[in-house]
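Letters are used for the chains, namely A, B, C and D, taken in the order the chains are written, and counting of residues starts over at 1 for each.
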Amino acid sequence: MSFLALENLQKSFGAVQVVKDFNMSIEKGEFVSFLGPSGCGKTTILRMIAGFETPSGGTISINGKDQSRLKTSQRNIGMVFQAYALFPNMNVFDNVAFGLKVAGTPKTQIEARVKEMLALIRLEHLADRYPYQLSGGQQQRVALARALAPKPQLLLLDEPLSALDAKIRISLREEIRQIQRQLGITTVFVTHDQEEALSISDRIVVMNAGHADQIGSPSEIYNHPATRFVASFVGTLNMIDAVVADPAAQTVRIGDQLIALRESVGNRKPSDPITLALRPEAASLSEHGDATLRGEVISASFLGSVVRTKIAVGGSTVSFDMFNSPDLRMPAPGEDINLHFSSGDLLIVRD
Amino acid sequence: MSFLALENLQKSFGAVQVVKDFNMSIEKGEFVSFLGPSGCGKTTILRMIAGFETPSGGTISINGKDQSRLKTSQRNIGMVFQAYALFPNMNVFDNVAFGLKVAGTPKTQIEARVKEMLALIRLEHLADRYPYQLSGGQQQRVALARALAPKPQLLLLDEPLSALDAKIRISLREEIRQIQRQLGITTVFVTHDQEEALSISDRIVVMNAGHADQIGSPSEIYNHPATRFVASFVGTLNMIDAVVADPAAQTVRIGDQLIALRESVGNRKPSDPITLALRPEAASLSEHGDATLRGEVISASFLGSVVRTKIAVGGSTVSFDMFNSPDLRMPAPGEDINLHFSSGDLLIVRD
Amino acid sequence: MSLLTRIIGWAVLIFGLLYFFVPLGGLFEFSLRARRGVYSLDAYVRVLADPQFQATFSYSVFMALVTIVIGILIVVPTAFWVRLKMPWARPYVEFMTLLPLVIPAIVIVFGYIRLYNTSSWLPLTGSLTGTNALLAFGYTMLALPYMYRAVDTGLRTIDVATLTEAAQSLGAGWITILRRVILPNVVPAVLSGAFLTFAIVIGEFTLAALLDRPAFGPYLQRIGANKAYEPFALSVIAFGITWGCLALIQLVSRFSKMAPPRI
Amino acid sequence: MSLLTRIIGWAVLIFGLLYFFVPLGGLFEFSLRARRGVYSLDAYVRVLADPQFQATFSYSVFMALVTIVIGILIVVPTAFWVRLKMPWARPYVEFMTLLPLVIPAIVIVFGYIRLYNTSSWLPLTGSLTGTNALLAFGYTMLALPYMYRAVDTGLRTIDVATLTEAAQSLGAGWITILRRVILPNVVPAVLSGAFLTFAIVIGEFTLAALLDRPAFGPYLQRIGANKAYEPFALSVIAFGITWGCLALIQLVSRFSKMAPPRI
């Protein structure tokens, strides 16, 4: 039996249905991310699990126990907010101790537990500081320690990294993941950052307009997007217009070039239009794979570790990425080049 | 002779010297980016060029003409601000026309010029809209048109993209670059985003604490950083602790592995410590290059298009990136792997 | 809990309404009783026909308009300049605009009387015009906090510094900037400050009474001491005026909300 | 231009100072002239020794404290609840807190007198305690806008919703949240509202005079009409008190600035 079960969950604000009949089971110890653009309903689901919003329909149960009659304060969950949720009038120690004090834990136990938590986030030396004396990253680590101190059965993270600088964001997400693994706590993480979700999660739920477009492991989501929305929201994707050449041979024509696909074109007839998707990193200039596209270079931009080149192929623009190296020759605009890739990387886009 | 010359430029606010003796020549039609963390003085230089700040010392001359006695309104510069600088009480047409009206241009000419500008940014159909009816990206395009309408001799861009969403940021920076090329206008661009600076500029000035650490083309900056600051600010960099093995043979020891460098270790003696730098994308698992490091995998994270793996090598942690592909096998933590790279990618870090 | 929320919410609103409107309701009901046994508007007719009412009311309206003009001339440039060039001076200016709230009007008036009496270097109280001027300055002082806050709030909704710099980079001078860029964006704020000033001046009693000017406030009090029903009718009228002003403020601010949202 | 900026800046500051302090200076200078030919504190001594001064002043202080307590009890829970659960009600509540600024005090008093006179269902004006209660409620009304704004501003500096939710997720109930999380963070705001209320009540004239209560405001006016130097001494004292209150507000807000910056 799953640990956290969301069944037929719905939420409407007035006439707007924000969450539409959502179902999901989360196992004990799993790290699940809800990924989607703002307004897709991901935060609303988190807030319903926390008890801040009352579902318009459906049930939430944790460890088999229905939560609908419980207030937030009775659900025994830990929550980390986007930012600025530390109590400004308390120092780090008192912030972390707050949940334990409210629960009436004896003082010596509180002290031991707070010390343990501060050790976990490696901020023992800052116990006397007030929130305004901490950096954003430190504040969020204290918020994590505060949420974990009362040993919650579930950890909820509401975009805890989005207010931080890029470098701190990366190191803190690794730290969160490591602490989560260490404690084995079931965690639900909400984010709009695809790289964050891909790097941290056991499973990802890609939300779109109130329902889950796809639920799967990071590599499933990235390599086998179920819908056009998932494909375009997760990573960068080239959309290439083509027409079916021979359905039986699974060939398509891009401009005047013939390409054989690995998947079936379905019940499309010759000359039917078809949209193909190709990830920029799947193609390269060096010979590999079984497919080739020839095109004229439109532009090549140096992005740091990566050089992104755009070429025109039969009316579509195709971008591809190469890792930079000091001896790399940048393709010049106007030049004709051959792009190599594996035909298996060419996906047929379904809408 | 250079078009925009900054000579011995200095600026202090009270006791704080924000810009320290800055010198630079910018050619006509060049696109120059000032890149650096906040507080490095890049914005202050831009504001001195615009005339919003008075230099504490040094001169600014445009086209040979000293600007120090001129007010902002007399300098004939176009400026695009970070955000929200459109006049909220005017529609798009009137915003773009403002500079021309102030200059007393005849009405028919104003109309023609505004139409031309709106065509340039492809927003002719929105001439009657008010700023609050536009998206952030559209607002910044209008701001660009407004700045360009009076045919300024110099275009100044003060982080015009930083308030926008990631995808719009990328498309708008390409558009800005294309318009700049088309008009051939000399442009100074301020940003804290290294990818932005690398992708858009002819030359980049990396600012650090009030002076330029390095001035050069994007690939010079990225591939041959002059200082440790530039190396760490631009891109991600592995810092590897090593000791000199044999200065004559230019070999160093990382843990117990011997590596030959392509550059001289200078006057270091055997057993002297030395810090080496390696870009994550320079190393790979496939056999290439002339150098190899063996290490134990600490973690492998899936970031979307890229998989970043960390390995432990003789006390240092080394990250390297691989492009994702559906059939990629992720390195497992604990596994021992060989990392291949070219010894020329291993830079000696000077402080 | 949602129910509790709603109950508490309504309780607060209803309490607020009672706090203000029950006295007003009683007032209104009584003001209609001038004719024995039936409700009538007799008291209103008598009040409105009173030449003294007309005189004092128009005097107060005139003083209110003068006060508004002086207030705008002092406040708008100050608030703009403080926002733009002297952010360090903001706490001081805000402190100064707090003063009229806490310095009793009586103290100000005594100061004025003392300073500008007939034997002083500037014998304002010696002439009618002088006294009127004194009164107008006193009113301006009373209205300053509201006017300043209204205008400052208006300026806060636009990015004064950036808009000014944008206009400068397009070649505009100070006058163009104020006229074409700043003013059009703070008109609603200026208007709402003006209405507030108007309402305050119409109802003001202490300053006018102590300077012995024929304003509406003292008239209201005099009637109140000598008549039975008229004071209540007058109160209702005064309330109606202030209510109208408030409604105008709401209208203006709603109108300004339909204008561009900023920052 | 930098020079021009500075000149205008100083001109504004100096103008403001003159506007307020020249009258006060005149006042102070004259109040020292009670003894012919030399400056002395005679007027102050006489004022402070006047038993009426002591009686009215302590009465007003007492009323101010009562007003503050009532104000806090009404305002703090209301402001918290409105911020947390009824953001839609904010415009209405803010509108309500504007009312006392624009409804003339006289109107309110007449309403009270009418509603609570000796022949009404609640004859408050028939007893001393009742009239005092009426006065206190009137004062509360006058002070409401300032108290509400102060507390609301205080609440704005913390993220009420997030802090409340954080505390809830840690198992805290409403009382714990208010006592341990919200209150400690708005104490400075509450105090500054209280000082402002204090200053307003001490100097208030109209309400107290019309309800015929022995408060400091009417006493000040009575003395002003009958004595030569004492009113000026009294004004200086009144000013000193309000000044002290203002200084306390500044102190409190400075103190609160040293506390955590938020949002």
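Convention: contacts are C-beta pairs under 8 Å (C-beta built on N, C-alpha and C of every residue); 3 or more make two chains touch, one makes a residue touch a chain.
Treat the numbers as computed from the prediction; the structure is a model and nothing was measured.
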Whole-Å gap between the CA centroids of chain A and chain D: 53
Intercentroid distance (Cα basis), chain D paired with chain C, Å: 18
Euclidean distance of C-alpha centroids - chain B vs chain D, Å: 55
Touching two or more other chains - residue numbers and ranges from chain A: 71
Category of the chain touch graph - line, ring, star, complete, other: ring
Pairs of chains in contact (touch as defined earlier), listed by label: A-B, A-D, B-C, C-D
Residues on chain C engaged by chain B in the complex (per definition of touch): 158-159, 162-163, 165-173, 176, 180-181, 184-185, 259-263
Touching residues on chain C, where the partner in the complex is chain D: 5, 8-9, 12-13, 16, 19-20, 22-24, 26-27, 30, 78, 81-82, 85-86, 89, 92-93, 95-96, 98-99, 101-108, 110-112, 114-115, 141, 146, 196, 199-200, 202-206, 210, 217, 220-221, 224, 231-232, 235, 238-239, 242, 245-246, 249-250
Chain D partner contacts - residues on chain A that touch it in the complex: 50-52, 71-79, 81-82, 84-89, 98-99, 102-103, 130-132, 143, 146-147, 150, 156
Residue ranges of chain A touching chain B (in the complex, touch as defined): 174, 194-195, 198-200, 218-219, 222-224, 234-236, 279-282, 299, 301-306, 308, 321, 323-326, 342, 344-345
